[in-house]
Amino acid sequence: MWQYEKRLEYPVQVTCPDVKFAKLVITQYGGPDGELSASLRYLNQRYSMPTKEAKAILTDIGTEEMAHMEMIAALVYKLTEGADPKDFEAAGWGGQWAQHDSGLFWTDANGVPWTAKYIACLGDPITDLTEDMAAEQKARATYEHLIAATEDPLAKATLRFLWQREVVHFQRFGETLNAVQEHLCGKHMWMGQEMK
Amino acid sequence: MWQYEKRLEYPVQVTCPDVKFAKLVITQYGGPDGELSASLRYLNQRYSMPTKEAKAILTDIGTEEMAHMEMIAALVYKLTEGADPKDFEAAGWGGQWAQHDSGLFWTDANGVPWTAKYIACLGDPITDLTEDMAAEQKARATYEHLIAATEDPLAKATLRFLWQREVVHFQRFGETLNAVQEHLCGKHMWMGQEMK
Amino acid sequence: MWQYEKRLEYPVQVTCPDVKFAKLVITQYGGPDGELSASLRYLNQRYSMPTKEAKAILTDIGTEEMAHMEMIAALVYKLTEGADPKDFEAAGWGGQWAQHDSGLFWTDANGVPWTAKYIACLGDPITDLTEDMAAEQKARATYEHLIAATEDPLAKATLRFLWQREVVHFQRFGETLNAVQEHLCGKHMWMGQEMK
Amino acid sequence: MWQYEKRLEYPVQVTCPDVKFAKLVITQYGGPDGELSASLRYLNQRYSMPTKEAKAILTDIGTEEMAHMEMIAALVYKLTEGADPKDFEAAGWGGQWAQHDSGLFWTDANGVPWTAKYIACLGDPITDLTEDMAAEQKARATYEHLIAATEDPLAKATLRFLWQREVVHFQRFGETLNAVQEHLCGKHMWMGQEMK
Amino acid sequence: MWQYEKRLEYPVQVTCPDVKFAKLVITQYGGPDGELSASLRYLNQRYSMPTKEAKAILTDIGTEEMAHMEMIAALVYKLTEGADPKDFEAAGWGGQWAQHDSGLFWTDANGVPWTAKYIACLGDPITDLTEDMAAEQKARATYEHLIAATEDPLAKATLRFLWQREVVHFQRFGETLNAVQEHLCGKHMWMGQEMK
Amino acid sequence: MWQYEKRLEYPVQVTCPDVKFAKLVITQYGGPDGELSASLRYLNQRYSMPTKEAKAILTDIGTEEMAHMEMIAALVYKLTEGADPKDFEAAGWGGQWAQHDSGLFWTDANGVPWTAKYIACLGDPITDLTEDMAAEQKARATYEHLIAATEDPLAKATLRFLWQREVVHFQRFGETLNAVQEHLCGKHMWMGQEMK
């Protein structure tokens, strides 16, 4: 179970509201490679990991990604602060306003709602950890796209922090994959030599 | 942000594995009215609530529903303990095994993956709290369906605990709705008298 | 079965075409909280209602919501009258034109097609009527968002009529919920006292 | 708008309940080629038809398909009459019971909820009427599959009635397509000679 | 199996980049009536065709539609050549950039990912060939919408080539339907005279 | 463009029909980690690869995965040869029969239709190749699940061939990732040192 702690993992700042950019940022909230995908992927996969360490790392990172969802939510709120229907309309995000007003929703940048079809769990630890490394790469690339799409130095700083965390997660999943492969050695070969 | 605490909110027990029943229980993990729907609905809606108290209650209940997801995951694992492909096949749940082996996945009892289309956020606190009351009713009814579908007294006890929590949440959302209506009085009438 | 009567429930008028606004209004045609959701939810739930009165009210309101779909369709047509591809493009609704030309389609304001995942039927009358009350609130809130997003007094009048109907439906579902609870008294308690 | 008339288009009968068969029949309620698909396709397409007659025929058939949805609903209810959770489970339809109890839902025979992605509207009358002819063929074929999957003579009779109506609709759409082509002659050639 | 031949079926040209138009064209890549829908529909349906000729024609056309996907991909690339994030943003296609950068993706013009729900296979050759004729009409109509939405003569020429191919396919499916009906004569009547 | 060659990449054999197993095997046709996912992922990603070699390898493997789809289709047909509605029903696959008869369809083992939401393209070659390595692992794991779920030595041999190809593809993607990283060196660092 979880305990909520009322603070963000890292302060979220923007120089000034920018609804157009908020429309892009939302993909890291509810898009295919966003923080919800990450969190739900890891918190779900941990059950079929073969070692305590692998379970722990998936729980830790899955929990941290929830904190990232909060940061993205905060970023979207700061980017839309004070915006009225006309501002949403002008930013090409009228659909958000018509359907959610000032509420958030789990969609990508086109308004497509989040689905578990974005993520995977094969129950095979080698596979699932490789999937997780790919997931971190996808999140990293999306943050790079977003950083390139804004001039706001404070928004960039927030996104860079999240980008950096994905890089660290990628490395930790790589180490975990190595450790799990060693742990499984002989029991489950996947390089073509044999198969049950 | 959240801190993970390595224990279940309530002990999960079953008398003996029952893959057929696991196939039904999974709907409370990733189905339309399950714990993921509840958690993501509340954690998302809290941002547009008008009072600190309403934000806090959505955060609290959203966080508790995450603990319920863990309980359901544990229940599914106990119900499928030691099951092999033939057992999954015999239980009509071969698709789970073929696609996820011993891994879990966010689906309903038919294998349909979870989607944010199941939940709503209109950004209007009266609406969102009414939606939440309906959500708790839907979760309650699903637990009643599950309790009626098993003879296992220990599984029933686990499900009854969760059922009871939904009833409590329903009541708390009712109180919050009253408080929010009072808070908004005069500012936002929704009974036909006036409209912006 | 139904008989078609060739007239709208209420006259639909606009001051002048406004493709940008049409793009938002379409969410009440095929979006999550639009008239199709309402109609199909009620016409489907009536089968498991325990009293003739409850069945009748769901049939009536479900049938009226179909008439509202017609009104929304008429409104979208008036708002797009005479628009050419460039007008759709300029309004950010080029996708509508490319895929449907002057035809309508069951989507939300972002072009996401309607799905039954938006609605629910638990087969439990208390639950389903609470869900219906939430549905009416969601429709009400969406109409308020739309009314706030246009300056056109005639379009506003049409939307206000529909808004008012949702408020009335909300009240009628509240009364039906009370009546059904009374009817079921003793048979199905859902306040924590007992459970099958 | 529509008026509801409290009777079925044709009496629905079954010899005895058969939950396994009900699980298949539901595809004509909420599956890709079922009555909901038909009704919503036609009621939506009529707006962009070029003649009064074409509009009228789409409205008529769309309205009749709604009556067919009622017949399918009645058939599913008769096939599941008196069934308890164990009966649903034994029929491989436990997911239906867990999620909807005795309520209906808009899904196909695998539990996949209905979506507007199943249908089309291109705004081009030649295209849309050809699509409608294909739709009637798909409904016809599905009825043939269902008729072949049951031994119950009364259920067969009901399905045969619906099958026959699809054949008639196919023919009427063929006639309408001819009439519309004649009406458009010269204005919109689609056989390769010219193009705007 | 297939052999890849490194050339386009027909040269793809544009006068100058036009991101706004690329956003529309993408629907023929991954939209409901685009080339992916066509290809996967035919390559899948061929298995249940009753004659060698019908199997062959579905394989041929399905394979050609894959070549059309390549042409559409090339067209989108030429229309977005040199575009930076700001250009995507200005064209209302920022979501594409945020999520895919310079990569393509299988979506419609609104960013909705492709799904097999768009296509059908009933296993009945009459039905499936009628569906295919409708599919060609839908593709034809979409190309007409796209041709009308651009002034670029070179882009128009490319689209006109594809449009013409759809018209030819429509005719070939019509001939195949006739041949299959003749082949089946007496075995499978679908005009109301009899039924298994 | 592609040329079709009328033979399978590898002969497909089964000892005897087994509809229950066919229902599982179909996930490699249209499920999340099946051959359609693989093929469409690679054929789409090749456009944004930075070297000719990387483009070529994605084209080659994407084309080979299409041949694998044919093999899976052939396998499903052999496993269902001569099956009637009752056989499908008894195997828990009645929904397949009701909706597709002897036709195939792009679904997973639960009947959920294929969607592009299963795959990704970020336009970043490092990311996309890592995603491809994960994809091959997921396909490999699914083949292992299937091999474990049948006793049929001939079906196993077919699946083992496909399994082996995935292992080879995994290795080739690994080599390509290395080559692309070398090619990009200095231009695009993703290990935390710098970022645009």
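Miscellaneous remarks
Read from first to last, the chains carry the letters A, B, C, D, E and F; within each, the first residue is number 1.
Assume a contact is a pair of C-beta atoms (placed from the backbone, for glycine too) under 8 Å apart; a residue touches a chain by one contact, two chains touch by 3 or more.
Predicted model, so just to flag it, every value in this text is computed and none were measured.
In terms of the stated touch criterion, the partners common to chain D and chain E are C, F, listed by label.
Copies chain A and chain F of the same sequence differ in orientation by 180 degrees, per CA superposition (steps of 5). Two copies of one sequence, chain A and chain C, touch each other mainly through non-matching residues, since under half of the numbers at the interface are common to both.
Look at the CA centroids: the one farthest from the centroid of chain E belongs to B.
Each chain gets a centre from the mean of its Cα atoms; for chain C and chain F, those two points are 41 Å apart.
For the pair chain C and chain E, the distance between C-alpha centroids works out to 34 Å. Along chain B, residues 32-33, 92, 99, 101, 107, 110-113, 115, 117, 122-124, 141-142, 148 each make contact with two or more other chains.
Taken as a graph of touching chains, this assembly fits none of the simple shapes: it is neither a line, a ring, a star nor a complete graph. Pairs of chains in mutual contact: A-B, A-C, A-E, A-F, B-C, B-D, B-F, C-D, C-E, D-E, D-F, E-F.
Residue ranges on chain B touching chain C, taken from their complex, read 32-33, 115, 117-118, 120, 122-124, 126-127, 130-131, 133-134, 137-138, 140-142, 144, 147-148, 160, 163-164, 167-168, 190-192, 195-196. Interface residues of chain D facing chain B in the complex, by the touch rule stated above, are 85-86, 89, 92, 94-95, 97-99, 101, 107, 110-113.
Against chain C, in their complex, chain D makes its touches with residues 1-5, 7-9, 30, 36, 40, 43-45, 47-48, 59-60, 63-64, 66-67, 69-70, 73, 77, 99-107, 113-117, 119, 121-124, 128. Residues 20, 23-24, 27, 31-33, 92, 108-112, 141-142, 145-146, 148-149 of chain D are the ones touching chain F in the complex.
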